[in-house]
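Listed below are the structures to be examined.
One chain, chain A, links the two complexes that follow: it is found with chain B in the first and with chain C in the second.
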Partner chain A sequence: MNFRRYVARRLLIGAGQVLIVATLVFLIVEALPGDAAVALAGDDPDPDRIERIRSMMGLDRSVPERLGEWLWGLPYLDFGVSVVSQRPVAEFLAEGLEPTLVLATLTLLLLVPLSLLLGVVAATREGGLFDRVVTAVSVSLHAIPEFALAILLVALFGVGLRWFPPTAIGVNGDLLSRPAVLVMPLLVLLARPICSISRLVRAGMIDALASGYVRHMSRLGLSTRRVRLAHALPNALAPAVQQIARTVDWLLGGVIVVEAVFVIPGLGTTLVDAVAGRDLPVIQGLAVVFATTTVLVNLVADVVAFRLAPRVGGAG
Partner chain B sequence: MRARDVLFSYTRILDPNQAFRAKPSLAVINIANSRAVDDRTVEFALRQPFGEFPNVLAAFGTYIIPEGSEDFTKPVGSGPFSFVSFEPGRSALFKRYPHYWDGAAHLDELEFVIANEESARINALLGGQIEYAHDLTPTTARSHEHNDRLTIVRSPNSAVQAFAMKLDRPPFDNRDLREAMFLLTDRQQLVESVLSGSGQIGNDLFGKDYKYYDDSIPQRARDLDLAKSLIRRAGAEGLAVKLDTSTAAAGFVEAATIFADQCREAGLNVEVVQGNKDTYWSDVLKNGSLCSFRSGAMPIETHITQRLLTTSTTNITKWARPEFDALYTRAVSTADESARTELYHQMQRMLHAEGGYLMWGFADWIIGTARSVGGVTDAPANTLDWARFDKVWLG
Partner chain C sequence: MRSMLRYSIGGTLVVGPLLLAVTGPWFVPDTLTRGAPFTSGGGHRLGTDFVGRDVWHQVLLGGRALVLIAVISTAMSYLVGIVWALSAAMSRRRWLDEVLMRPLDILLAVPSLLILILVAGIAQRGELTLVLIVALINLPEVVRISRAAALEIASRPALEAMRLQGETWWRIAVGYVCRSMLRILAADVGTRLTTSLYLVASASFLGVGVPPDAGDWAVMVDRNRAGLFLTPWGVVVPTLLIMALIVGLNLTFDRVMSTRQEVRW
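Take a look at the complex of A and B:
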C-alpha cells in the first residue's frame, strides 16, 4: 500500500477514535454519582443551594445538549470552560502539559540511549558477568512499583541525606528553573522503562546476531562493529520501539503517582482534581489530549518500526 | 474597611440569585433597612430579636470586600497581609501589610503551597522546603513526635467525631435503640485507635468547653448489659443495619469498622458500606439511616441552626421537634445571659437523652512546624486565634 495513504488513513481513524473516547468519557463521568454542584457544596449539602449552583453552572441542561455543545466546539479547538472555576479548559491543559512535557522529554532523552547501550552491551556479552549483573538488577528493579521507589528515594535522599529537594512544592510548574527537583522524579520514571526496554533490545539483538543474514555478513568480511550497529541493531530495535511508544504514552498521561509524591502540578494532578470536582469540561479536555497522544505516538511507532524492519511494520 | 463596604458585601451574599454559603447565616439581617450611620458605624435591622448576632458576623464565608468589587483577580481585603499572586491549585503569595490596624505582622511574606498528599507535606517540612505543614494525621504526629527537625502542634477539641442516626425512619426512630447505641459505644477504644490518642472522648453533645456547653450532664460510659436489654426491648436483636461511610474525612472508615465490631458485641449486625467520597455529604443527608459524621469548630448556636431545627438545611439526623425549635427561639431572643444559658442547657439535655448524634470524641487538629517557627498557638481549628500567621515569627 502507498505509504502516504496509509498514514492518512491512520490519522482519519485516529480522529474518529479520539471522538469516540471523548464521548464515552463524557457519558461515564455523567454516570458517576453526584455532579460538580454536589462536589462543590462538600460538607454543606444544602439542597436549595446545590440546586442554585447547578443552574449557575448550567448543569440543569440535558446531557445531549451539553455533549452536543461540547462536540460542536471541538473542531475549533474550543474545549469550553471549567464549570467549577469558569477558567478556559485550554488554560488547565496548557498549565498541566508544561511540567508533564518537561518530565517526559527528559525521561525519554535519558531512556533511549541508556537502554540501547545496556541492551546492546549485554547482548554482545551474552552470559558474561556484565550481562548477568544487568539482568539481575533490571529484573529486580522492574518489580518495584513507582510509588514504593518514590517514597524510598524521598526518605533516603530528600529527607535523610538532604541531597535533593524531597518535593517540587512551590516551584509552580516551571520545573526547569530548579533542576534539582527533577532528579528523583526522573529516577523513578526511568527505573522500570529502562529495565523493560533494555531487556527487549538485548533479546532482539541476540536473535539478530544469531540469524543467518548477520552471520552471512560476517562471512563477507564486514567489521564486527559495522555488522552489529548497521545491520543487527535496526532489526533488534523494532520490538523496543513499540515499548518506547507505550512508555511515551504513559509519560504524557501524567504519571499520577509520581506527580502526587513529588507535588508536580502536571496533567495527572489536573485529572485527579477534575474528577474529584466532577469538572466535566476539564476531564473531557484531558481525555482528548490523552487519546490524541495515544493515537499519534502509536502511529509514529508503527512508522518507525516499519522503516527499521519492514516485515513488522504492519503497513502491508 | 468602611461601613459602606460591609453593607455592600452583605447585600451581595444575601442576593437571592446567588448561592453563597453564608447566606443562611446572614438571613436574620434585614439588609434593606440596615444603614451606614457614619464611615465606621453600621446599624443593622434584624428580622427578629437575636442575641447571638456577633456569631452571625463571624460565620464562615461572611467576607467583607470593597464596595463595588466585581473583579477578584487582584482581591483587596482588610487583613494583615495583602495579595501578591495566585495560581489555582498551586500557590498563593501574600506580603505583609504594614498598616494593619492590629499591628503589622512579623513575617514579610506568606506563601501557601498546595500539596494534596499528607506524605508530601511532611516530607517538604522535613526537607526544609516549607515551615508549616497543615493537617497531619495522628499516626504521622506520633511517628515524628521526637524528631528534632520539627515541632508537632496539637490543637485540642478541634473537630467532633460522630455517627449520625436518622430519627425519621426505622430503625433509629426507636428511642430505646438510640439509647442502646449510645451505651454500647466504647469511646475510649475509638479515641485510642482511630485518633491514636490525639483527642478526648465525647458525651454525644457538640462543642465541649464552648460557650453554653452543658458540662453538668454526666459522661456516658459503656454499659453493654443495659444496651443489650434496650435492644431486646426495641425488638432489634440481630438487626441488620448499614453504616454509611467514606474516605471523605480522615479516620472515617477506621472508626466505622471498629464501631461495627462494638455493635456486634451488643448483638446488632452492623455492616459498613463505603460510599463515594466526593458526594458523601450530599448522599448521607438524604439516604441511609446511620452514617459517619464529623464537624469542625463553630459556636453551639450555629451547630443548632444549621443541623437541629425543623428548618435547618443540613439536618442529617432529621431531628425535628417543635418544642426544641421553641426553646431555640426563646434562647436567641433572651437578653439575660444566665437565662439564655439555661435554655441552651435544656436543649442539650434533650439532645443528650434522645438525639441522633452519637458524638464519641473530639479530635486534635495537628500541624507540624519547623523548629525555627515561633508564636504558633494551639487554639482549636477554625477559631479566631488559630492559624494566626500575623502573630508568627521565624527565628
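Take a look at the complex of A and C:
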C-alpha cells in the first residue's frame, strides 16, 4: 500500500474512533440515574429547584439534540460548563494541561533513548551478564503498580533520606522551576514502559542481527557499528515504536497515579477530583481529551512504523 | 538448575502474600481494639493506622478482596472472551465477525485506567462493579488472542475431517477448537492476572470503587500516607506485599511464557 493512502486511511479510522468514543461517553453519562441538575442541587434536592436548574442548563431538551450540540462544540474546544463551579470545562483542561504535558514530554524524552540503549546493548551481548540482569529486572518491574513504587520511593528518598521533596506541594504546577520535585515522579513513570520497550528492542534487534541481510552486510565488509545501527536497528524499531504508542496507555495511568501521590495539579488530578465531585461535563471533556491523545499517538506510531518497515504497517 | 532457581524465587515471592491474603482474615481476633492514630509499638506489632486500628490486623484483612477481585474478573473475562472469540472465528458469516470484533477496537482505544475511573466514578461503589469493570478492560485482549488462536486451529486438517464426518458445529467448536485453544491461552493467563491485580490495586489506591476505610492493602497505602513521618509500617508493609505478589506472579508465569519464545506485553 502506498504511504499517502495508508496515512489517509489511518486518519479516517482515527477520527471515527474519537467520534464514537465521544458519543459513547456522552451516552453513558446520560444513562446514569440523576443528571447534572441533581448533582448541582446537592443538599437541597427540591424537585422544583432541580427542574429550574434543568431548564436553565438546557437539560430538558432531547438527548439527540444535546448530543449533537455537544459533538458540534468539540472541534471548537467547547466542552460545556462545569456543574460544580460553573466555569467552562475548557478552562479546567487548559489549567491541568501544563504539568501533565511537562511530565509526559520529559518521560518520553528520557524513555526513548534509554530503552533503545538498554535494548541494543542487551541484544549485542545476548546471554551475557548485562543481558541477563536487564531481562530479570524488566520482568520483575514491569507489572509493579506505579503507586507502590511511588510510595516506596517517597518513604525511602523523601522521608527517610530526605534527598528529594516528598511531594510537589508549594510548586503550584510550575514543575520546571524546581527540578528536584520531578526526579521521583519521572522515575516512577519511566519504570514500567522502559522495561517493556527495552525488551522489545532487544528481541527485535536479536532477530535482525540473526537475519540474512545483516550477515550479508557484514560479508560486504561494512563495519559492525554501521551494520548494527544503520541496518539492523531500523528494522528492530518498528515493533518498538508501536509498543511506545501502547505505553501511552500506561503513561496516562501512571500520570494519574503519580499526580495523586506527588500532589501535582495536572489533568489526572482534575479527573480524580471531577469523579469525586460527580462533575460530569468535566469528566466527559477529559475522556474526550484522553481518548483523542491515545488515538493520535497510535496513529503517529503506526505511520512511523510504516515508514521504518513498510511490510509491518501494510499488513494492518 | 537455573530454571529451578527462578521458579523458586518467583514462587516464594508469591506464596507469602498469597497465603496471607487468603488465610489472613481467619487470624484476626473478633474484638478489635482501637488506639491513637499513627502510633508505633504499644501492644500493636506494626503500630496503628490513620484511625487507630492495628496495622497488623489490617494487613491480615486487606489482601483477600484484592486477590479475589483480580482472580474473579480474570476468570470472567476468559469466560466471556472465549465464547465471544469462538462465535467470531467459527462463524461462516463474515459480517458477524466484523460486528463482534469492531466494538472491541474502540474499547482498546480508551486507556484502561480511564475506563476504570470513568465507570467506577459514575456506577455504584462495590466489589461487583470493580470485578465487572476489570473484566471489561481485559476483554478486548482476551478476545483478540483467543480469536487468533481459534482461527489458526480452525484451519487445521483435523477440523476439515470432522466437518466431512458431519460433526455438529457445537462439537467441533467446543470439543475440539476450544480445548486446543486452552493450551495456547494458558501462556497468557499470567499477563491477564497481573494486569487485573495492577488495575484493582491502582483503583483502590485512587479511592475508586471502594469505601474509604476499606480493609484493603492498596487503600491502606493511600490512607496511611499522611502518617508516613510518624510510623512507616502502615504504608510500607502493604506496599511490599502488593509488590511481592505481582513480581512473584510475573516471574513464575515468565517461566511458562519463555518456552514460547515470544515477547508480548
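Going forward, the second predicted complex is superposed on the first by the 266 of 316 C-alpha atoms of A that agree within 3 Å, B and C clash if a C-alpha of one lies under 4 Å from a C-alpha of the other, contacts with A are read in each partner's own complex, and residues count from 1 in each chain.
Assume a residue touches a chain if its C-beta (ideal position, glycine included) is under 8 Å from a C-beta of that chain, and two chains touch if they have at least 3 such contacts.
Everything numeric here is computed off the predicted structure, so don't read it as measured data.
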Exercise for review: Determine, under the contact definition given at the top, whether A:Val154 touches first (chain B), second (chain C), both, or neither.
Suggested key: both
Practice item. Report for A:Asp78: first if it touches chain B alone, second if chain C alone, otherwise both or neither. Key: neither
Exercise for review: Scan A:Arg278 for contacts with chain B and chain C and give back first, second, both or neither.
Suggested key: both
Exercise for review: Could you say whether A:Ala260 touches chain B, chain C, both of them, or neither, answering first, second, both or neither?
Suggested key: both
Practice item. Using the touch definition from the top, say if A:Phe290 reaches chain B (first), chain C (second), both or neither. Key: second
Exercise for review: Mind working out whether A:Leu200 is in touch with chain B, chain C, both or neither, as first, second, both or neither?
Suggested key: second
Practice item. Applying the touch criterion given at the start, work out whether A:Val25 contacts chain B, chain C, both or neither, answering first, second, both or neither. Key: second
Exercise for review: Would you sort A:Thr269 into first (chain B), second (chain C), both or neither based on which partner it touches?
Suggested key: first
Exercise for review: Considering only the touch criterion stated at the top, classify A:Pro47 as touching first (chain B), second (chain C), both, or neither.
Suggested key: first
Practice item. Please identify the positions on chain A that touch both chain B and chain C, taking each partner from its own complex. Key: 32, 151, 154-155, 159, 166, 260-261, 272, 276, 278
Review point. So in the complex, which bits of chain A are touching chain C?
Key: 17, 20-21, 24-25, 28-29, 32, 139-149, 151-152, 154-155, 159, 166, 196, 199-200, 203, 248-249, 252-253, 256-257, 260-261, 271-272, 274-276, 278, 280, 283, 287, 290-291, 294-295, 298
Check your understanding: Quick one: in the complex, what on chain A touches chain B?
Key -> 32-34, 38-39, 41-50, 52-53, 56, 85, 87, 151, 154-155, 158-159, 162, 165-167, 169-170, 172-173, 260-263, 265, 269-270, 272-273, 276-278
Check your understanding: Once bound in the complex, which stretches of chain B touch chain A?
Key -> 17-19, 21, 23-24, 87-91, 111, 113-117, 119-120, 123-124, 126-130, 248, 276, 278-279, 281-283, 285, 295, 313-314
Revision key, fill the gap. The residues of chain C that touch chain A in their complex are 105-106, 109-114, 117-122, 194-195, 197-198, 201-202, 205-208, 218, 221-222, 225, 228-229, 232, 235-236, 239-240, 242-243, 246-247, 249-251, 254, 263, 265
